[in-house]
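By letter and in written order, the chains are A, B and C; residue numbering begins at 1 in each of them.
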Amino acid sequence: MGAFDEMGPMAADVREAYAGLKRWLEATPRDVFDTRRSQAELFFRRIGITFAVYGDNEAAERLIPFDIIPRVLTKPEWSIVERGLTQRVQALNMFLADIYSGQECIKAGVIPADLVYRNPHYRLEMVDVAVPHGVYCHIAGIDIVRVDESTFYVLEDNARTPSGVSYMLENREVMMRLFPELFAEHRVAPIENYADSLLSSLRSVAPASASRDPVVALLTPGQFNSAYYEHSFLADKLGVELVESSDLIVRDDVVYMRTTEGPKRVDVLYRRIDDEYLDPLVFRPDSVLGVPGLMSAYQAGNITLANAVGTGISDDKAVYTYMPEIIRFFTGEEPILSNVPTWRCRERDALGHVLDNLHELVVKEVNGSGGYGMLVGPHATRAEIEEFRRKLKRDPDGFIAQPTLALSTCPTFVASGVAPRHVDLRPFVLTGADGVHIVPGGLTRVALKEGSLVVNSSQGGGTKDTWILDG
Amino acid sequence: MLSRTADNLFWLARYTERADFVARILDAAMRLASLPSSYSGERNEWESALASAGSMETFQGLYSATNEDTVRDFLAFSPANPSSIRNCLELARTNARAVRTALTTEMWEGINGAWLEFKRFDGRSMSREEFARFLEWVKSLSLMFEGSAHRTMLRNDAYWFTRLGLAMERADNTARIIDVKYHVLLPENERVGGSLDYFQWTTILREVSALTAYHWVYRDRIRPMRVADLLILNRQMPRSLASCYEVMVRHLDLTADAYGRRGPSQRLASATLGRLNDLAIEEIFAQGLHEFIEAFILDNNQLGTAVAEQYLT
Amino acid sequence: MRLRVLHETRYAYDQPARGLIQVMRLTPASHEGQHVRRWRIDPSVDGSLKVKEDTLGNTIHVFSADGAVDQLVVRVSGEVETFDTHGVVTGTAERVPEAFFLRDTDLTTPDDALRAFAAEAGGSPDPLTRLHDLLKAINGTIVFDTAPTHAATTAAEAFAMRRGVCQDLTHVFIATARHLGIPARYVSGYFFRADGVVEQEAGHAWAEAKVPGLGWVGFDPANGIATGPAHLRLAIGLDYLGAAPIRGSRYGGGNETLDVRLRVDNGQSQAQG
């Protein structure tokens, strides 16, 4: 494969960041690792991550596998990523503000008009709505992959309702319990201030009409949602109410939650429900997860939604291809983090190239996510390739294509021992009234199958703790 | 607290209590069924169990015969009976899961574990002995629930709403038993006498687990008026209507103090408690036991509605 | 032509409903083809009635009532002077780029059958001719029938049944026009019938399409005609959901019975019995 291994070859030159871990892997008897691994699993079961998947009989299978070997980045590596993420999310927010008011980037030809206006995630309801402090994307989960010593690519911008942060926090929690001595030997940057940072970001963007002590609540689709565990976990850590649609009412354009002491005003709603389901009077009329009148209250400026309505347009993979230009246009700087080189199938020449090289490309639906609706050329059967060829010809606008990247690998426990497996990284980028905050690290996802490049948990991926070494 | 959270806690307590109540009814019916028929009379004890559980109509829509097998299945295991032990445990767990973070680990694990364990029982293949053990297990769950709530929960509104739910369910259960069996408690029946009535009365006492209590309190043979007194007015007896209302009034008052506001729930509950405190059992019999109980059930339901409107929605 | 409208929508609930909210697009705007002389919206229940304007220029009333309600009547009445502009709609507030009206929605995404139909009917090189051909083809293919479709029926579903109401025919028109690269939008409104029938079952719907050099032009596929003075324009949207006259919600209330009374006359003829 020739993928870049972040530890380096096991036998010889280990990269400096991994020197301590290598010693630890060599010095620790195998049975100690086995014990720790089952303790980790027990911990995840007990705190109830399995509980989130409710199918009582399947709970055991549905635990997302956790690998106890941490993924390590040095401070200098991280600071490039951090600066790149800050720049990108700032540009993303400026882009969103612009397409909903002014549309300068369209007039300047930075992005084609039809990509914006025909995009189902571009919400007309948001045009000229003044969102508090101009922040649209309060929480972003930007997927990053590494291909060599110095190259990080942004793979996807998740600006709607990115999930996974509970795993980032719980992974650290379990590692600190199981391997305190390892933390004594490494100066790992802490991440447990994520919840504090999130809460203060959310409070900072409360609407002007809120009281001095703004009330934040977390809106969940309910206990049958697959991310419910994360919702209740975060509500708990933030110390805010976990509300469902039936807990909220809108009166005279103000949102209240029903409490035992009567209606209580909500100022900021951290919503984990997609736009389409938010308000049955504006979006899908059959939605039972939404709050009738919420959009009206939002447009009246009486509540902040995090993330804002209409951020999904920047998750579109066709819009993604314009991110370098968007960054240049809005920040006047060169992008610090590059995009993966991408062919836009909507462009005739690109489509021709893609159709000729399907067997070695990754083809993605512009609106797909979670690793679905995707063709990995080198791993696909002839029939799958032909099926994508038909899809591409019928609707070229609906797809983009990328080279098959050699994602970096990290040492990972597998049945046969320790072996390299491909990883990606999802850092969580918070934006409040006072700017961007990123806790050092993120969620490392690992493809547990040998050679596999698909890290999504729905497709057999696992997770790791991510360490940023402080000096 | 979110109204929905309070609602979940309230119903969690009610369903746990209801499961216990249904188990006691089945337990009493089993005892009656094991007596020679000259003692227990012609009446079908399984029909009487259904009447006590208040689910005769649903039953008749589902089964053609009323016997030990069908009633056991219906009251304990049937998914089609909204108040079967099975459904009570499942609903308790659904409510608990929705308020997972408002519960202590002990409570959650107890309730979740109960539901998981319940699914291992196979009602059809159970012998009488196994069924009796199953009922003991169900009864132990309510002890576990109350015990863990009592020992681990903070004394705040979350706790008060569980106490409120439990007491309201209890009051309703006790009242319903009196309602369907009032005729065996009436004085004119006492004159008939005989072992048949004795077993009917002790069955009632067993259903509310008050047989021993009766002897301790009255130190007398079983007399129907005293049975009624124990179940309605006796404040030492935790399942009496008066006791249940004491609990409700206490916790509604704590809630009102904490929130700084009294409402219809507090007024209705203390009015009912006041009536129960002022009455003597003889007066109730003079008024008509049946009428009294019917009015009580109505009042209790009205309080349920008031609590729901004031706090739970 | 002077059009008078009396439109009553009556909701009756089995049990009292609480927390009623209704979003109403029931107010016409004046433009070159129509002048609003008077217009009122009167809900029968006390509550708050707020007026807003959405990005498309539609006037929106948000009505909300707190108390328990067992019946609500929304009464719309008014008078509008209409003019013949040969179907061309000018003088409207256009804030949204026409590219927006090329977007497919759940209700208007064409399937293979609709694409083939569009390609066959819309073969002319001239956009206006193409649209008129589409109008005729749709009007000739889909039979007006209130039975098989409902508010959530998609263009593709209605087309497959070859049946539907004005909403469905309009969706089919929009879906095919967009497929041919012509921006198109949904219009809800009222229609004055030339046959003297003034009492109607429901409001009307048609489409507008952007014709290069002409601007937005109205097409009424249910009647197979371009729009004219008989059409009173209320609201526009990408599809029915975006232009719906009333979208509402409530808590409780049990079953709802809906009753609509609509009268559209020209101020001269009185109902004949």
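Worth pointing out:
Convention: a contact is a pair of C-beta atoms (placed from the backbone, for glycine too) under 8 Å apart; a residue touches a chain by one contact, two chains touch by 3 or more.
Here the structure is a predicted model, which is why all the values come from computation and not from measurement.
The chains that touch both chain A and chain B are none; no such chain exists.
When chain centres are defined as mean Cα coordinates, C lies farthest from chain B. Closest to the middle of the protein, by Cα centroid, lies chain A. One inter-chain figure worth recording: chain A and chain B are separated by 50 Å, centre to centre, where each centre is the mean of the chain's CA atoms. Between the Cα centres of chain B and chain C there is a gap of 57 Å. The distance from the centre of chain A to the centre of chain C, each centre being the mean of the chain's C-alpha atoms, comes to 40 Å.
By the touch rule above, chain C contacts chain A in their complex via residues 19, 21, 23, 48, 50, 52, 54-56, 62, 64, 66, 95-97, 99-100, 102-105, 151-152, 241, 247-249. Every residue of chain B that touches chain A in the complex is listed here, in rising order: 1-4, 6, 97-98, 100-101, 116, 119, 157, 161, 255, 259, 261, 311-313.
Looking at the complex, you find that chain A touches chain B at residues 48, 51, 56, 223, 232, 235-236, 241-244, 246-247, 257-261.
Contact residues of chain A toward chain C in the complex are 113-114, 117-120, 124-125, 127-128, 249-253, 280-282, 285-286, 292-293, 296, 299.
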